[in-house]
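In the two complexes below, subunit A is the common chain; its partner is subunit B in one and subunit C in the other.
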Partner chain A sequence: MNVRLASREGLLTGFINLCCILLGLTGLAGTMVGGWFHLSSRQPGAWLLLLGIAVWGGVRAVRRVPDPSRNKTLIAGLVAGVMHGLTLAVSLWLISTLLDAGAEVRKWLVQLTPEAIRLLTFGLSPVAAAALMFVVMTTAGLVGALWVRASERYPWQRTLSKGPTTVRTRFLALPAVQNFMQRKHSQQILWGGGLLILLFFPFVLGQYWNYTLGTVGIYVILGLGLNIVVGFAGLLDLGYVAFFAIGAYIVAILTAPAPHGIMMNFWLVVPIGIVLAALAGVLLGIPVLRMRGDYLAIVTLGFGEIIRILSKSDALTDFTGGPRGIRSVGGPGLFGFDVSSEFYFMYIIILGIVLAAYVTLHLQQSRVGRAWMAMREDEDVAQAVGIYTLQYKLLAFATGAALAGFSGVIFASRNKFTGPEDFTLLVSINVLCLVIIGGMGSIPGVVAGALVLKGLPEILRQLADYRMLAFGALLILMMIVRPEGLWPSTRRQMELHERAEQSGEPDAGSSPETGP
Partner chain B sequence: MATAVQTRAKRTFRIGRLIRPAIGVVVAVFVLWRLYTVLASQSFGPDTWVRFAISGLVLGSVYAVIALGYTLIYGILFMINFAHGDVMMLGAFAGYFTLEAFNGAGFLNKNLPSAIISVVVAFIVGMSVSLVISIALERIAYRPLRTAPRLVPLISAIGASLFLENVAQLTFGVARHTYTNPEVIKRNIGWTLMVGGKEVLVAYTGVLTFVLSLLLMIGLYILVQRTKMGKAMRAVAEDKDTAALMGIDVDGVIANTFAISGALAGAAGVMWGLHMGVIYHYVGFIPGIKAFTAAVLGGIGNVPGAMLGGLVLGIVEAVAPAALGMPFQLKDVLAFSILVLVLIFRPTGILGEVLSGKKA
Partner chain C sequence: MAMLEVENIHSYYGNIHALKGISLTVEEGEIVTLIGGNGAGKTTTLRSITGILKPRQGHVRLEGEELAPYKPHQIVYKGVAMVPEGRRIFARLSVSENLDMGAYSRNSKSEIKADLERVFELFPRLKERRNQVGGTLSGGEQQMLATGRALMAHPRLLLMDEPSMGLAPVLVESIFEKITEINKEGTTILLVEQNALMALSIANRGYVLQTGEIILHDTAEALRTNEVVRKAYLGIT
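Then we have the complex of A and B:
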C-alpha cells in the first residue's frame, strides 16, 4: 500500500517536472539563476529546479508513510525517486530520439529547442542521457526522504496566511497608536495627513510612474465602484466594464473632433458621463435585478460583451468609430491652461479616488449601507424586516455604474483615445479580482488590491512570458491561503474565522481587534 | 408610516407587473417587423436558411456538450467552473496530437478501419487528458475552498483559467494548429441535400458531432438518473451534509463529477477540432462562456436543459442575424439578448432548474 502511494507521488511530481520542461520553465530558471550568480551556463538553474521538484516528490512520498521507521521512509523515498526518474528518463529518451531522427518537435511543442534539450542531456546520446536522468532523480528522491527525517515540519503556511493581519493588528495594538486613535480628531488628522502626502506624490514621481500609478488609480476608482455592487450589496456583476466603456465613449464622442465634432469642455462632460453611466446602470438593473446570484453574473457578463461588440460593429461605425476607435479625445483645461499631461491627471485621479472613497464610506455607514449589508447576508430576511430590496439594489448598481463611468471618462481622456479593445471581459475580471484580493467590502482593501494586481505584473516583469502563468497560479494560491483578502473589513474577517473558532481550532495568530 | 410602506409596495408591484409585458411587446414587434422585411425582400433563398440551420445545429451541439459539464458542476458545487472551456481546449490539443501521431506513422489514411480507429483513439485520448486535468483542477484549486464564500472559488477558477491558457500558449505556441482529419471525413465532404434546386452540404464531421453529442447526453442522463453513482451525485447536490451522513463519500462523488465533466469537455474539444478545424490556446474561452450561457438558458443543473440550451443558442447564433437582417458581427449580441429575454420571462431557464431550494 505504501509502495503504491509513494510511486503515485513519484509519478505525480515526475509529471510536474515534465510539464516544467515542456513549458520551458527549466530554461527560465537557468536564465534567472545564471543572472543572479553571474554564471555563464544555464545548466545549474535548470537542474536546481528539476532536483528541487524531485526532492519535493520524495518528501511528499515519505509524508504518506503512517509510521515512519528508518527503513520505511527510505523505501518510500526510493520508490518515489525511481518512479520520478523513470517518467523523466523515458520522456527524455523519446524526445531526444525524435530530435535525432530529425522530427520537427518544435512545430508542436515550441519550448523544446535543441538548446533546451542540451541543458538536460549534456550532449550525451539519448540512452546515456536517460540513464543519467534516472540515476540523478532517484538520488533526489532519497535525499527528500532523508530531509524529512532530518527536519521537523515547519508551519510556514500558517505564518504566511496570518502575516498581513498580524502586522495590522499588532500595529493597531501599539499604545501610541491606540492613544492616538482615541483622540477626538484623530480621523480628520489621518485623512488630512494622507491627503497632504498624496498632494506631493506626483512631484516626486517621474512621468513613467505617474502613468503607471495613474492606471492603478483608475482601477482603484473602478474597484471602489464594484466594491459597492459586489462587496456591499452582494450582487455579482461580471459586466462592470460596460459602464466604464459608456463613460469612455461619452467623453470621446463629446470632446473628440473626429466623428461628430461636438468638442465640448471636458469639465462639462464629466457630470454627463457620470449621470449617463448611472442611468445605464438603472436601465440594465430594472429587468435583471430580480435574478439572483450567478444568473445575474452571466446576464451582466452578456451585457458587457454586448456593449463591446456594439461599439466595434459596422452598424455603429459612424457613431463610435467602429474597430478603429476614436482618436484625439479632449483633455481637461483650467482657466485657459492645458492640464492634460500625466502629471495633472494624477491629481484628477487622486481627487477622484478621495471623492469616491468619501462617498463609499458615507454610504457604508448610513442606513443605505446597513440595508445593503442585510440584503447581502439574507435577501429574504432583509425583505421581511421591511427593506425594499429592489430599490436598494438599483441604488447600488447606479452608484457603482456612476463610479465606473467617471473612471471611464478619465481613462479615455488621459489616453486621448478610446477603442473597443480597451473594454474586454478581462477588465471586468481584473476589477473583480482586485476587489476580492483586497478584501471584499473594505475600502483600503481596494487600494491594496489595485496596487497588487496592477503592480504585480510590473514586479513579475523578470518572468517575461511567464507573467500571466504566475499570475494565474498566484490567484489560486491567494484564494487558498488567504481567502478574506489582503486587508479585509473587520466584519468579514470575523465571519470567515467564526467557523475555524467554532470547530475548536486554536487561532494563534490574531489578537482581539482593538481598532475603532 | 405603515400606510406609507403599504402604498409604496403596492405602487411598485404595479410597475413591476408592467415591465415584463412592455419588454415583451417591444421585442415581439421588433422581431416581427425585421422578420417581415427580411422575408419580403427575399435576399436569402431556402438553401441558405437550411445551411444556416445546419451549421447552427452543429455548433449548438458542441456548446451543448460543454454545457453539460458546466451544469453538472454547478448542480453539485454551485460554482461557475470558469476554467471548463480551457479544459476543453487542452482536450482538443490532446486529440490533435494523437491524430498528428497517427498521420506521422502513416496509419491515419491506410484504410477505413484504421481511420475509424484513429478517430476513436483521438476521442479517448482527448477525453482522458481533459478528465485528468479536470480532476487535478478540483483537487488543487477547488477542494481547499469548499467551505469558503461563493466568490472565492470563482476567483480561483479564473486563476486556473488564466493558468491553463498560458500553459497551452507556452507549450504549444501562439500559432494556430489545423486538425488533420482522415481523408474519409475531410471537413469539406459530406452528403448533399437538394433544397430549392440548390445543393446544401451536410459535412460528415457535422453529423458525427451532432450524433455523438446526442449519445453523450443520453449516456449522461442515464448515468445521473439510473446508476448508483448518479444517485449519489444527486444526493450530494441536494445536501452535502446529509449525504455524508448517509454514508456517501462526498469528496469522491465530487471528484467523479469533475471527471465526467472533464471527459465531456474533452469530447467537445475533439469535436470542435474535427469540425471547425482550427485550434489555438484561446479556443476554449468563447465556447466556454457560450456554453455557460446555454446551461443557464436551459435551466442550470438540468441535463436535458443544457442540451436544449446549447442547441437553441447555436441555432440562434447562426440563423438570427440573417433572419433579423443584421450583420453577422452582431450574432453574440443576439445570443446574449436571447439569454436576457429568457431569464426575464422564465427566470429558471427553459426547462427549469434542478437545484435545492436552500442554495437558490
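Then we have the complex of A and C:
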C-alpha cells in the first residue's frame, strides 16, 4: 500500500526530472550556478537540480506514510529513490545508446546536445552512466527521507518558511536587545544608526550598483505610495503610473532647455512636482472614488493610459515633446556643484525613502490610519461609526500620488530624459506586485518587495532568454510559500493565519505587538 | 420634543419607490419597534434616518433639528448609532479594535474608557474574548459585538436592524434582555424586527410596515392583540 504510493511519487518526480533534462532546464541550472560562482564547469549546477528533484521525491514519498516510524520512512524514501533512479537510468541509457548509434534525436529534442548528455554521463559508457545515475538517485531518495525525519526533530524547516519573521522575533527577544530597547532614546539611536549605514552605501557600491539600486529605491518610494492607497485604504488603483508620469513630465518641462527653455532649479521643481501630482490625485479622486472595487480599478487603469497617450499625442507635442519625449532634463546642483551622477542620486533617493517611510508610518499610527483600516474592512460601517470616507479616500489618493510624483521627478532627472514609453501599464502592475509580494500594508515589506521585483531580474541576467520565465516561476513560488508576503505587517500575518488556526485557543493572535 | 421625528418621507432606489410616505416618532426613553415582512422597507427606513440614503421628500428630525443637510458620518456625531443588519462587524479586527472603532466619533479618552467598561459589563463575554479576531466569534457573540460597537459611540438614539436574525431562541431572549437593559440606562431605541412577538414584548409602541407604507401604529400591547398583526406577523390564527 505505502510502497505503491511511494513508488508513484518516485515515478512522478523522476518524470519531472526527465522533463527538465529534455527541456534543457538542467543545463540551464548548470549555466546559472556556474555564472554565480564563476565556475568553469556546468556540472555542479546541473547535478544540484537533478539531486534536488530526487530528494524532493523522497520527501514527498515520506509525507504519504501515515505512521512515520523510523523504518517505514526509510523504506518509503528508498522505494521512491529506486523508482526515480530507474526512470532516469533507463532513459539515460536509452538516450545515450541512441546517440551512440547515430540516431538524430536532436530533431525532436533540440536541447539534447552532446554536451548536455556529457553533463549527465561524465563521458562514461551508457551502461556505466545508467548505473551511476541509479545509485545516486536512490541515495538522493533516502536523503529525502532522512531530511524529513531530521526536520521533524528540529523544526528548522518551519523556521525557514517563516524566515524573516521568526528571525526578527528571536532577535528582539535577546536580552541585550531587550535592554537596549528599554533605554530612553533607543528608537532614535536605531534610526540614526541605520541612516548612517545607508549613507555609506553609495561609496561602497560601484556605478552599476548605484544605478540598479537607485532604480530599486525609486520603486520603493512608488511602492510606499501605492501601499497607502491599496494596503491601507484598500483602494485598487491600477493607474498609479499616471502620477509618476506627472512628476516626471513636470521636472522635464520645467528644467529642460527644450521645448520650453524654462530651466528652473531642480530643488524648486521637487515641491512643485509633489504638489501638482497630489492635486492630480485629488482631481481624479473626486469623480472616481465614489466607485468601488473593480470599477475603481478599471477607471484608474483608464486614467493611467490616458495620461500616457496624452503625453505622446500630436496635439500636445509642443508641450510634452510627443512620442520622442524630452531630453536633457536638468539635474540637481548644490552650491554650484553638479550633483546629478548616479552616486549623488543615491543619496537623494535614500533621503526620499526615509521621508516617505516616515510620513507613511506617521499616518498609519494616527487617527487617519485607523479610519483607513475601518474603510478597508467595510466602507458602509466605517461611515456608520462616523468616518467621512470620501475625505479619507482622497487623502490616501493624494498622499499616494504625491509620493509617485516625487519619484517621477527623481526618475526623469536621473535619466536626464522622459518619454511616454517610460509610463506604460506595466509600471503600475510592477508596483502593485511589489506591494503584494512584500506584504500589503507593511513598510519594510515594500522595501523587500522592491528588492525582489527589481533586483532579482538583475541577478538572473545570465539566464538571458529564460530570465523572465525563471522570474515568473520564482514569483509564483514565493506567493505559494509566503502568501502573506515577504515581510508582512503583524496585522496581515494574523489575518492570514487566523484562518488556518481558527480552531485554536481563543487567544490566538493576541501577541503583545499586535496593536496598531 | 420627540427624540426622532420622521415625517412623510419618500425614498427611492433609482426608480424603485421603496418608502411611500412614512411617518413615525420616537420619544425620549422609549423603545419603539418597526415590524414588517421581507422587503417591507424597514432597513430602508433606517438608512433614510442615518443619511446613507437621502429621502427625496419629507423630513427627518432629531430633537427638532432637520437632518437632511448632514452627511452620514455627521449624523453619528449628532448622537445616532446603528447596529446594522447582519451585524457587519470588522471581521479581521479584534474585539477590542472593533469596539475602539465604534468610538471613532469621540475624543475624550476617559469617557471612552468608561463606556468600554459599560459594554464589558453588559456583555462579559466580549471582555473574555477581547483579543479574538471578530470573524471567528459565534453569531451570538458577533451580535453582542455589533451592539457594543454601536454603544461605544455613546448614542442618544440607537437604531437596531434585526438583532435576532439567525440566532437560536435562547440567544434571542438574552439579546432582547440586553436591549431592555440598554434602554433602562437611558438610550432611546428604534428596533427593527421580523420577530414581531419578541419585539412587541419589550417595546412601548410599534409600527407595522408593509410595502413601503405604515399600515398600523399603536401601543405594543394593542398590536399584540390586533387581528391583522396576529395573522400576518405572529403566525397565530
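In this text, the second predicted complex is superposed on the first by the 341 of 516 C-alpha atoms of A that agree within 3 Å, B and C clash if a C-alpha of one lies under 4 Å from a C-alpha of the other, contacts with A are read in each partner's own complex, and residues count from 1 in each chain.
Here, a residue touches a chain if its C-beta (ideal position, glycine included) is under 8 Å from a C-beta of that chain, and two chains touch if they have at least 3 such contacts.
Quick caveat, the model's predicted, so the values are computed rather than measured.
S.K.: Could you look at A:Q111 and tell me whether it touches subunit B, subunit C, both or neither (first, second, both, neither)?
M.R.: First partner only.
S.K.: Look at A:V230 in the shared chain and tell me whether it touches subunit B only, subunit C only, both, or neither; answer first, second, both or neither.
M.R.: Touch partner of A:V230: subunit B, not subunit C.
S.K.: Check whether A:Y388 is in contact with subunit B, with subunit C, with both or with neither, and answer first, second, both or neither.
M.R.: Both: A:Y388 reaches subunit B and subunit C.
S.K.: Scan A:A357 for contacts with subunit B and subunit C and give back first, second, both or neither.
M.R.: After superposition on chain A, A:A357 lies in contact with neither partner.
S.K.: Name the contact category of A:A252: first (subunit B only), second (subunit C only), both, or neither.
M.R.: Touch partners of A:A252: none, neither subunit B nor subunit C.
S.K.: Determine, under the contact definition given at the top, whether A:D378 touches first (subunit B), second (subunit C), both, or neither.
M.R.: second
S.K.: Of subunit B and subunit C, which one contacts the greater number of residues in subunit A?
M.R.: B
S.K.: Identify the partner contact of A:L78: answer first if only subunit B is touched, second if only subunit C is, both if each is, neither if none is.
M.R.: A:L78: touches no partner chain.
S.K.: Which partner does A:E305 reach: the first (subunit B), the second (subunit C), both, or neither?
M.R.: first
S.K.: Determine, under the contact definition given at the top, whether A:R370 touches first (subunit B), second (subunit C), both, or neither.
M.R.: Touch partner of A:R370: subunit C, not subunit B.
S.K.: Output the subunit A positions appearing in both contact lists, the one against subunit B and the one against subunit C.
M.R.: Subunit A residues touching both partners: 386, 388.
S.K.: Spell out the residues on subunit B that touch subunit A in their complex, using ranges where they run on.
M.R.: Contacts found on subunit B: 5, 8-9, 12, 16, 19, 23, 74, 78, 80, 97, 100, 104, 140-141, 144-145, 147-156, 158-167, 170-173, 177, 289, 292-293, 296, 300, 326-327, 329-330, 332-333, 335-337, 339-340, 343-344, 347, 360.
S.K.: Along subunit A, where are the residues that touch subunit B in the complex?
M.R.: 19, 22-24, 103, 108-111, 230, 236, 286-288, 290-295, 297-299, 301-303, 305-306, 309-310, 312-315, 386, 388, 390-391, 425, 429, 432-433, 436-437, 440, 465-466, 468-469, 471-476, 478-480, 483, 496, 499
S.K.: Could you please specify the touching residues of subunit C with respect to subunit A in the complex?
M.R.: Against subunit A, the touching part of subunit C is residues 50, 52, 71-74, 76-77, 81-82, 84, 88, 90-94, 97, 100-102, 104-105, 128-129, 131-133, 135-136, 149, 153.
S.K.: Which bits of subunit A are touching subunit C when the two form their complex?
M.R.: Those residues of subunit A that touch subunit C are 370-371, 373-374, 377-378, 380-389, 491, 494-495, 498, 502, 506-510, 514, 516.
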